[in-house]
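Have a look at this one.
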């Protein structure tokens, strides 16, 4: 019996934080607004979620990991809603889906030595049959991330550098060999060289061990390097989705276009020639309106309908979709001059 | 071992406070022996052991009081009971505070709202007048009831501190990591959060004890403490009642007051020392 | 008239602790030309932020400027100030490490401005932007309230913000706008040198573009010189004229932005540039650097990069390489280039 259930499926996920703010400006914050996507289990793949500040990407990650309860919608693992899983099923979910977090400082309990994050895993998920086997596995995991066991084991978190700590997190993943890694900005707080190592390890995990990864970042160049699929989020909504090469080469949504043209090039001979940034505004500052496109205030190609209705995802080309009225069949966009 | 020694060397305030406090505790603990060594088989509270109102001399290092009792011996007895009341009240208050604060902070939601309201209600009550009223009504107060009474009004302070600490610790990255590593709530509470609360528990205990002793002394000063034993506050009460100051018998007030000051000094030093130990940046500002 | 605006020589800034001295900046030489954007690159811990804090004389104990000079050659230097030393075509300069506190206060904002890391969060939340800017302007100049106001409007325009901002409170502005306000404040008294430490970190990428464009605009409009500190190499590629790369408290390579990006000579520069993902084009496997960045309390012997260098030779383990001149203005501190002429900058400055 072959299962056609996707490994991970997010359906209409919505997370609203109620009552945020002080006494005078209490309001609800919609962090994640109707996000849907699926990750098939047949082949290991990388999906990158790209979003700027306030895009909701971290909240999405937390919902997927079961750390935050969604307001509506579901996260399904092999067809089963994680909110309605039994303890045993949840345990199996944890075995299959593991995170790497952004901050290598706060993910360690300062009270314990760093060995603990590895030992807890071995214990909880019975990764080894004997202490000797556990030690062998741990040593191997540390070597994979270019750490020498005796440099790292037995130390307290504050005795290691941020880079070493993040590498131990990666070793933890290797130890576990989950089906899916949820990586939430895992390289934004470490050095450039280590970032490259990290990304290469993730690619190797996919190619050599069949481990998929949902990689969350704000950096488009990193996303491009990983390849695979890309989903662009803005203010809690997914505004574009497709294969990385397609979206980067031909971004459909104006927001994606804005992001791409703002990435500084690596080549000093290819600098920006025009001034574009005058009206730049942070994505988190965009006003949220449930019945309009999230980008109305800044879109260079905004139309009347964009202010009145929320655009649904429509196909742009093969495999690529964008939530933009410019591509809706029923709306004839005003041709840009 | 070396780590412990280094800890003490780097946190001199705490060390000094700890030493002082230990000395005081030892004195209190060994009180019966010390008194026996001083007075033989006679109870220190026996009236008329010595001539009245004698000034400090080699026989009576702190003189004698109006009832002919050796002040030093009575002082040791008083210290013992004052310390007992203070520590007991401090421990109870801290324990209740931890439980309440923890549940409120960790659970959140309805439990938090209810507990917080309850805590705030007790906080709002003016403690001292209520203590005075209650102890006036409760006939026959002994050490334990006194401690319970004092604890009943001081647990909200540690509850609040613990709650806010738990709230913040709950959001830490390592708690998230523990959850995705398959740890259940109980394991997270005891293995992840509680160890990081220890500094606050230590400080809370010191503060509670100081507060309890202070409140106890306040009550005893006006005669509302336990009537069956001598306490430091009671000694001051007697001295005032006898008009000792106008008679020039300053040692009758200075002795208990002095011991109280040293006790507070020791506890507060430990308190500050602990705070500095867990927040080394404070060392600079307090001039260490 | 001198070509340099700032010439720092043999700068050493150490932090003392019971465990030893943290030699965070340990022998740095940089020269910054007039009206250029000079980039200071390197990863966290390399000392670049400490270096500029030192130049601004903002190092507090237990940190100390142990040695070095930071010669500043402004046009029309303040009359009252004594000028030290002479280099640079006979022009007299001011040693920023030697000036007195009152003189420093005079120089700040008028001659040299500083935009520290995270400064957009240090705006006074209970004052309107305009009031804050006018305050600072009048504190450091003799302008009247009217003149200061005009000037504030001017600089806001230079950074691309409208007059409306003057009446706003900080919380009403976005992060990018606040950062531009800070830059505007730095430009208000037309300083000749502006030092910006990570001004675009933590900003959205489109806002980053606005801020970078603003800085380029300021260079054009006001003729100021800008020292731009950032760990983000792509931003340097987009903005700066010349670039110095720091590692382990030292400058390992310096040159024009084209030289550094197209022909990096130092193995660390090469690896650093090769480790950054490119957007678009062919995907090549990124290079990483083995090993771990060393700690300032125990820099490696000889060349500080040798434990991680793929080209390490025996001499690298023992002798710290001087800066060799690859071509005029392009220097790399690496024994691979020992046939080139080594620059002994400290001696040159002392003469």
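Structure notes:
In order of appearance the chains are A, B and C, and numbering begins at 1 in each one.
The working rule: a contact is a pair of C-beta atoms (placed from the backbone, for glycine too) under 8 Å apart; a residue touches a chain by one contact, two chains touch by 3 or more.
Fair warning: this is a prediction, and the values are worked out from it, not measured in the lab.
Considering the contact criterion stated above, no chain is in touch with chain A and with chain B alike. Relative to chain C, the most remote chain by averaged C-alpha coordinates is B. For the pair chain A and chain B, the distance between C-alpha centroids works out to 52 Å. Annotation: 34 Å between the Cα-based centres of chain A and chain C.
Here the spacing of chain B and chain C, counted between their Cα centres, is 55 Å. The residues of chain B never reach two or more other chains; the list is empty.
The set of chain A residues that touch two or more partner chains is empty. Chain C contributes residues 43-44, 160, 174-176, 203-214, 217, 231-235, 237-239, 257-258, 261-262, 271-273, 275-280, 283, 285-290, 292-293 to its touches with chain A in the complex. Residue ranges on chain A touching chain B, taken from their complex, read 62, 65-67, 91, 94, 98-99, 101, 103, 105-112, 117, 120-121, 124-125.
Chain contact summary for the complex, chain A toward chain C: residues 52-53, 146, 161-164, 191-197, 199-200, 218-222, 224-225, 227, 248-249, 258-269, 271-272, 275-278, 280-285. Across the complex, chain B meets chain A through its residues 172-174, 176-183, 192, 195-196.
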